[in-house]
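Structure in structure tokens, see below.
Here the chain labels run A, B, C, D, E and F in written order, and each chain numbers its own residues starting at 1.
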Amino acid sequence: MRENRLRRLWAAEQPVLNGWLALPGSFGAEVMAHQGWDALTIDLQHGLIDAQAMVGMLQAIATTNTVPVVRVPWLEPGIVMKALDAGAYGVICPMIDSVDDAARLVSYTHYAPRGTRSFGPIRAALYGGADYAAHADDTIVAFAMIETAHALERLDAILSVEGLDAIYVGPSDLSLALGCRPVFDDVEPKVAEAIAHIAQRAQAHGVVAGIHNGRVDVARARVALGYRFVTLGTDSRLLAAGSQQLLGAMRAAPAQ
Amino acid sequence: MRENRLRRLWAAEQPVLNGWLALPGSFGAEVMAHQGWDALTIDLQHGLIDAQAMVGMLQAIATTNTVPVVRVPWLEPGIVMKALDAGAYGVICPMIDSVDDAARLVSYTHYAPRGTRSFGPIRAALYGGADYAAHADDTIVAFAMIETAHALERLDAILSVEGLDAIYVGPSDLSLALGCRPVFDDVEPKVAEAIAHIAQRAQAHGVVAGIHNGRVDVARARVALGYRFVTLGTDSRLLAAGSQQLLGAMRAAPAQ
Amino acid sequence: MRENRLRRLWAAEQPVLNGWLALPGSFGAEVMAHQGWDALTIDLQHGLIDAQAMVGMLQAIATTNTVPVVRVPWLEPGIVMKALDAGAYGVICPMIDSVDDAARLVSYTHYAPRGTRSFGPIRAALYGGADYAAHADDTIVAFAMIETAHALERLDAILSVEGLDAIYVGPSDLSLALGCRPVFDDVEPKVAEAIAHIAQRAQAHGVVAGIHNGRVDVARARVALGYRFVTLGTDSRLLAAGSQQLLGAMRAAPAQ
Amino acid sequence: MRENRLRRLWAAEQPVLNGWLALPGSFGAEVMAHQGWDALTIDLQHGLIDAQAMVGMLQAIATTNTVPVVRVPWLEPGIVMKALDAGAYGVICPMIDSVDDAARLVSYTHYAPRGTRSFGPIRAALYGGADYAAHADDTIVAFAMIETAHALERLDAILSVEGLDAIYVGPSDLSLALGCRPVFDDVEPKVAEAIAHIAQRAQAHGVVAGIHNGRVDVARARVALGYRFVTLGTDSRLLAAGSQQLLGAMRAAPAQ
Amino acid sequence: MRENRLRRLWAAEQPVLNGWLALPGSFGAEVMAHQGWDALTIDLQHGLIDAQAMVGMLQAIATTNTVPVVRVPWLEPGIVMKALDAGAYGVICPMIDSVDDAARLVSYTHYAPRGTRSFGPIRAALYGGADYAAHADDTIVAFAMIETAHALERLDAILSVEGLDAIYVGPSDLSLALGCRPVFDDVEPKVAEAIAHIAQRAQAHGVVAGIHNGRVDVARARVALGYRFVTLGTDSRLLAAGSQQLLGAMRAAPAQ
Amino acid sequence: MRENRLRRLWAAEQPVLNGWLALPGSFGAEVMAHQGWDALTIDLQHGLIDAQAMVGMLQAIATTNTVPVVRVPWLEPGIVMKALDAGAYGVICPMIDSVDDAARLVSYTHYAPRGTRSFGPIRAALYGGADYAAHADDTIVAFAMIETAHALERLDAILSVEGLDAIYVGPSDLSLALGCRPVFDDVEPKVAEAIAHIAQRAQAHGVVAGIHNGRVDVARARVALGYRFVTLGTDSRLLAAGSQQLLGAMRAAPAQ
């Protein structure tokens, strides 16, 4: 089975640089995949992308060796398994709020007897190889998002769920959960504290921690905290920020 | 944040005239949006429309000042939140059967601490404005559909759920629930009685009531009962009815 | 091969009632096809429909016995032949301006030796039957649109083109061509005269004449002139007109 | 209402030959539907097909008298009901694990008072007929998939659920559930035993049993066991197998 | 009719800042349209966008007051007119090689008697207004691309074609035409000379000149030469450039 | 630039085995691409595929080292160039009827000064590499289809057109052109003679000859005639033939 480069990078103690796709469309995904991201996440939750568009995007990413990850809209088994059958090598699941939620995520992403994932890796076996069935459980990575107050309280228990390889922090939702403004980067102190705490506990449990970021300096600081899967570069934000920069420069007073 | 005209119309004691979109396709939605409907509802439940098609339709409606509403297929958090992130200003949720269902609907449609909606209003902030996060909870309207026997029995309790702004009656399902034929307009007496009762209780609780209708006379009678969000004019029915009328006239005996 | 009901209706001296599809989307087409139109034309020219959407619409129409017709965007061989391969039983081609244009249309819609249509009726043979190759040339109908000043001047020559079975009048373009306002129904006198003239010349040449109409009374008057393929009921207009009627009735002063 | 040929074939003690669609796209579905399959199942679970693509495929199948069936991704009410509203005459639901699951499946696929299916058969009534509401409950077939260890243990109880007409065996998942390699055809002995047992118990309860197969000999053997709905011929496998056969023959040593 | 802001900006001697869309997809277009571009061009030629995707993108742009422009794939009447019917306020046509080509472009973009555009502004009238027919000819702008050696030789004659409002320079093709490497910005001297010459001749003829650019400094220099429609910011390049910048910063040696 | 394996295989005197895609949809294309075809041709002419669907299919093929080829609908510059910009490494153009047609095909597929292809290899440069501009003219292969009586008469002249690398024979159209029934394999004698003649003349001119086939024995015989690009295995035919085989075996009398 094709290896999951995420696991190799982590074994080498390297942070994974993850781009983010919120725009549906396979060509944008292919352009992004050619830029050198270690991973690209197709966001079915807040991105305007559904399961059909996801397939084309997974194919586009598969023209490169960038690792394809999917964030599902919710902890619903239908879509979690569809993402895997379509060839995702990682699944990020939002709003894991309890040990039970985390255990269900593990269950949905592993075949019996470890879980309840139904068998039918129709595109996954094309992408991963004919021996997909034998190795998928140990290759795929499932990330439980830690972003609610309740999950923060039960963090150690969640991190102890057998088979849970990784978590992912959503700073915006975590901010709301802690009564703060929803931002990615310049989070309020108690959110910053939680972010540092989560990284520390994840390391203690041998669980990889990932996090969403808006700026490079913030992402680098979080790598320093121990995060090993750092997101930057949402496609829709690249369009907006790039346009703003060009329009600002064009409309600036003419050079003398 | 862009205001929600539904709330303004209701504050002015005006009924909202709501058109209904069951055909996928952004151009049909744009044609409908240019006719002057106060609101248009994209029906993801019985309409043949999924989340991807919904996005184009929301964009089409956004070329006018018609208010975009989405009926979701079921009380499932993934799709409820996707509809909101895509810019819906109202969400109609079918088959709210209990107080717990109603409370979950409120939860899915409000951010923490009022609910569990996850933060990421990717298109909603383009449509609503940069201050979407601060005002969304008070701007969006969630309608709980009252259409089961169980819900009818617990009507006052459901109407008392904190944060529930509106309900919506589906006369067909309500008819089935009461052992009657499923129709919109010429409902059997006990359905008619329930429809009057629901309007009366909703008013008593300060909750807006909406209802599905097939004919103008019925819609007007229900406005008189207190309904403030009345649906007419499903696109697929307009095609059928308009065709029938033309074909009937063409095939009638020639004028002398 | 499945017969072309257009030819049977014409043999019986019956006018064909043709609906019109400008909205892309197979479900709208299926709804229209179930209303009893003799034919439905998928408009690739002014409708917002391309060749891919056309396929689904042809499939939808094929669930009924309504005859599928396609208006192509222009006299371009690629799209004319794609419409036929996809199963259209009629092709309407706009802006036939000369004898040469008309001859090219005949050529594109017939196999060698009668024309230059390339062989590959991939869906057409599913729809028409395994003997499609043998009968297509005599089954399909090609309509040359007569709507330019130049074509009007050469009308008899165009109508004499061998293999041209039918023409179709676009009153709007014809109006513009004659220096008048572009309308379907209440055309100016010299357009009305041209419309009568075209019907008369077509009959003299044994060519079926079709025409676009907006209102029933106009369509019936044109049947009386000899038109045997009369269009009414564009889907997008049905949505607009139906909505206007409902909204008008709802907003009228309340009945006393 | 249009009859469900599945029920007629079963009444005549005939096995239903069911093809399988994993590729999205209405034209592939139409090609398959023209080959004479008794039924075709659109696989929304492991197939790369979502609800929007399903609609076009249902339309394509409706150009023939092949019976349209949908396998839903999971026991989630939104998609189960969308499949029915779009015109599916059968629904296969994976991973029915308990009596409660089976009862929920029955509930989602029947109108009140027998169940909780919401009323709005928008395309189903076009396909099935104007009297759809009156007959749908007795026409549609819901298949509960038996493929987990837990379900196997409770087989008799599941088969006793009122309103459950049919079950469907997924040999791959059943193999995993029993600790064996996931295959369709050459299953390990304890899976073979379970397959025979399920057929026998289903017959005892008067429930139709269906099963997934890869090869004709296996399918025939399972018909002999009592299975009355046998799947063969997944579209994606036909592409792969047919290509392999052609390439093998072309690359074989040249004939002397 | 809704005014064409391009003409107003030009009347005010202001350069138009034009963004460029090569990615299909209406949400990317909507994001771009919200950034403040004066115009956005949907590139049907080198962009991976066809006529169906164009419609959704035109709708997305119409949620703002950015002017929608379409570059067509070639001087083919079908697609030129489809772009206009769908609501484009500008059309850029590649490879105008002669006076005849330029005259055909003018013809395809104006109604009779000025041209041969066929009447049916189905979405254009929604976007432009009910009086579209009366004003479209003077509102729409057609740009003839000057990018071949032959066209450069006949520049004055082309610029003299009646009804031609604007030209657009493609520096890459122009470079190839002059035997140079195809680039946008750092063009070889004889290309630079041609670019200056074209601007000068266009001004002499009262024709607006536009040009494609990659960098802000180049675009500003070309405005200084007299170009009044300057393109920057292709969406696919924004994704690539933004990603490169983020990845470069992340992979740089850690700050000390 | 990524090499074109077609040229390498031809240099090694090996025939290219080419599969054929008539079904739109990127997943079917990906399945086919994983079977080991040397090349896969996306048929925009008789296949039900348009330019937008083509992009996803080219991406799917690019996940393997199968060479992507596109058959365009007609000798129309817009679509020929769009196929190349999207990354096709070969273009097959139907109905090349004359030396002028062949010269235009060469022109459309080469950059200035060898031709008139417009520059903008948006996806082609991702697929082919950053040096695409420098090598595309010598890498891409254009096939002129020889399938009309007129072309057959001028065969040597067409084969002499500078820059024409390859031809492709469509036996069905060629049959029609010679007054025979349109078939791929069991062609009538004068068609067989023409097929042998074309191969012989192509070899004499150093032009690669390709041909469409239905059966392996026929394809092998044509390789023996000198054809170096042989098509087999149209996806839609694989579905039909595979289904027929399975259904036939299932419905055969039961084994004793």
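Keep this in mind: a residue touches a chain if its C-beta (ideal position, glycine included) is under 8 Å from a C-beta of that chain, and two chains touch if they have at least 3 such contacts.
Keep in mind it's a predicted model, so treat the numbers as computed, not measured.
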Given the two chain pairs B-C and A-B, which is bridged by the higher number of C-beta pairs in contact? B-C
Contact-pair overlap exceeding half with E-F, pair selected from B-C, C-D or C-F: C-F
Chain-centre distance (mean CA atoms) for chain A and chain E, in whole Å, is 38
From the C-alpha centre of chain B to that of chain D, how far is it in Å? 34
Computed distance of Cα centres, chain E from chain B, in Å: 41
Which chain C residues sit where two or more other chains touch them? 24, 27, 31, 34, 48, 50, 52, 55, 76, 79, 123, 236
For this structure, give each pair of chains that are touching. A-B, A-D, A-E, A-F, B-C, B-D, B-E, C-D, C-E, C-F, D-F, E-F
With touch defined as at the start, can you tell me which chain C residues reach chain B in the complex? 17, 19, 23-25, 27-28, 31-32, 34-37, 48, 216, 219-220, 230, 232-233, 235-236, 238-244, 246-247, 249-251, 254-255
For a test of understanding, state which residues of chain F touch chain C in their complex under the given definition. 22, 24, 45-50, 52-53, 72-74, 76, 79, 94-95, 147-149, 170, 172-173, 176-177, 179, 181-182, 236
Looking at the complex, which residues from chain D come into contact with chain C? 26-27, 30-31, 34, 55-56, 59-60, 62-63, 123, 126-127
How about chain F: which of its residues touch chain E in the complex? 50-52, 55, 76-79, 81-82, 85-86, 111-113, 116, 118-123, 133
